[in-house]
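Labels run A, B, C and D following the written order; every chain starts at residue 1.
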C-alpha cells in the first residue's frame, strides 16, 4: 500500500473539512453592522475548530512520517479518525449558532473525545506494525501521554459544561496548547 | 498518460465526495436534545456511505496500482465510476431525511449497483490493457468474484426493499464486509 | 515555477468543480417517486457538465504534459480557464432547474464558448514558450483545429437556442464527441 | 517536516477556497434575463476575489519554493494565512449581495489587510529560518516592499470606503497589479 496516496487522500479530506466549515457562516441579510454581531459566536467556534483541525493535520502528518508499510489496520484507523473529524463542521456550526449553549458544547466535547480516541487508536495501530528505534519509541510514548491527557480533558469537559461552558472552553484551550507544537522527537528520530 | 495525475484527480474527487456528504446533515434550529433526534437516520446513512466510499477508495487505489499505462478507456471507465460515486451524497441525504423509506432505499441500491457495475467495467478495462503475472491474474479474478457477489446483492436489495428495508440494509452490510479488507493478492503480485 | 504544483492546484479545482455540481441537485421533500421526476432535467444537465469538465480535465492534462517551463503567462491563462470552468456549476444548475429554457441554454453556451476561448488562449500561450518537435507541432495544430470547430459550434448554439434548444444540445454533443478521446498525437510526440 | 505535504495541504485549501466562492452565487428562480441582473455585483465581487486568491496562490507558491526546512513557526504562520483567506468567500458573498455597500467593503478591506499581514508574517518566518543567497535576499526584500505598499493600500481603503467605495475598489485594483506577476527574482535566485 502506497503511503503517498494515503497522505494525499487524508490531506484532501483535512483541507476540505477545514474549509467547508466556513460555509456554516451564513451570509446575513442587510449590510448594517448589527447583522454581523450575531455571527460573532459562529466565528469564534470556527476559529476554535480551525485550530483543532490544524493541530490534527500537523500531528497526523508527523505520525504518518514514521509509517513504513501501510496495512489495512492503518487505513481503517485513519478512516475512523477522518470520519470523526468530518463531523466537526456540523458540531462547530451548531455550537456557534446557539451561542455555546450547554448541550452544543457537550456534543462538541464528545466529538473531540471521539477524535482523540480514534487518533490514539491510529497511533497504536501504527506503533504495532512499524519497527521503531529507541528514540522513536520515546517520541511515540510522549505522544501517547499527550493523548491520555487530552482524553481526560475532553471527558471532564462533558460534565463540566453543565456547570459552566467556559470551563469546557478553557479545557479545549489547554489541550490545544499541549498539541500546538508537533513533537520534534519523532522528526529527530526519523532523521537518524 | 500520467498515472499520478489520474490518481491525484481521483483522490481529490473521493475526498470531496466523502466530505461534502456531511453538508447534508443540516444544522438544526435550537439547542435542545430533541432537535438532534431527527438527525439520527441522517447520521446512520452518512456512516453507511462513508464506509462505502472508503471501501471504494481503498480498492480503487489497489487496482490502479496494477496499471502500467493509462489509456483513454481507463480514463473514461474511471470517470463513469466517479460519476456514480458523486451521486452518493444525494442518495444518502434523501434516504436519511426520509428515515430509510422504501423508495429511497431502492434508489440507494440502484446507485450502489451502478457503482458496482462501473467498478467492474474499470477493472475489466484495466485487465485488458495491462500485462499480468499469473499471481495478479488470480488476484483480479478474486476481485471479479467479489464484484459479481456485490452486484447480485445490490440487485436483490432492490426488490427486497419492498418487503423490508432492513433486509436491504443487511445485504449492504454483507457487501461491505466482503470488500472492507482490500485484496492483499494484488499487492503481493505487484511486489514480486 | 514548478509544474507539479500547477497541476496539483488545477487538479484540485477540477475535482471540486466536478463534485460540487452535485450539491445543486437539491434533496427533495418526501419519499415518493413523484418528487424525483422534477429532478430529471437537473440530473441530465449534471451529466452533460460532468462530461464537459471531464473532457477539459483530460485534455488539460495532456496539454500541460508538453510544458517545460511554467511562465506567468501560462499561470494566468490557466487561471482564466479555471475561472470560466468554475462558473459551470452555476450555469448547470440554472439550466437544469428551468428545464433547459432558452435563456439558460444561451448562458450555458456562452460559458462553454468562454471556456473554449480561454482553453485556446492557454494552448497558444504554451505553444509560444515551449520548444516543439515537428510531431508536437502537428499535434498542437490538430488541437487548434478542434478548438476552432468547438468555438464555431458554441457560437452557433447561442442563436440556434432561440429556434430550438435541442439543436444547441446536439451541437454540445457534437463537440464532446470531438474531444472525448484526448489527442494521442501529443503523447506520442512527448514519448519520442 | 515534509515540504511537499505542506504544499499539498495549502494547494488543497487554496483550490477549495477559490471554488466554493462560486456556491455563494445562488441560482435564481425563473429563467428570465431579469433574474440574472441582481447577480452582477455578486459575480464582480467573485471575479475580484478569484484574482486575489489566485495572486496569493502564485506568490505563496514562489515563496515556499525557497523553504528548505519546515519549522513549526512556518506551519502556524501558513495556517494563519489560510485562515484569513478562508474567510474571503464569506466577505465576497456579503459584499456582492449588498452591491458593494460601505460596510461590506470595509469588512472586505479589513480581511484583505489581515491576509496581507499574515502573508508578511509568513514571509518573515521563512526568511528567519532559511539560509539565503544575496540574490534571494534582494528578492525577499522586494517582496517585503510590495507587502508594505499593499498593507498601506488596504489600510487606506478602510476609511476611504466612507467617502466612496469606488476609491477602495481602485486601491484593490492597484494592489492586484503590483502582485499579479510573481517576482521572478526568487525563481532566478533559487535556480542559481
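The rule we apply is simple: contacts are C-beta pairs under 8 Å (C-beta built on N, C-alpha and C of every residue); 3 or more make two chains touch, one makes a residue touch a chain.
Note that the coordinates shown come from a computational prediction; the quantities given were computed from them, not determined experimentally.
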| item | value |
| --- | --- |
| Numbering shared by both copies at the chain D-chain A contact, with half separating same from different | different |
| Furthest chain, CA centroid comparison against chain B | D |
| Averaged-CA centre spacing for the pair chain C and chain A, given as whole angstrom | 37 |
| Geometric centre distance via CA averages, chain C-chain B, whole Å | 26 |
| Touching two or more other chains - residue numbers and ranges from chain C | 8, 12, 15-16, 20, 23 |
| Chain B-touching residues of chain A, taken from the complex the two chains share | 1-2, 5, 8-9, 12-13, 15-17, 20, 23-24, 72, 75-76, 79, 82-83, 86-87, 89-90, 93-94, 97-98, 101-104, 107 |
| Touch list for chain D against partner chain C, complex | 7-8, 11-12, 14-16, 18-20, 22-23, 25, 27-28, 30-33, 36, 47, 50, 54, 57-58, 61-62, 65, 180-182, 187 |
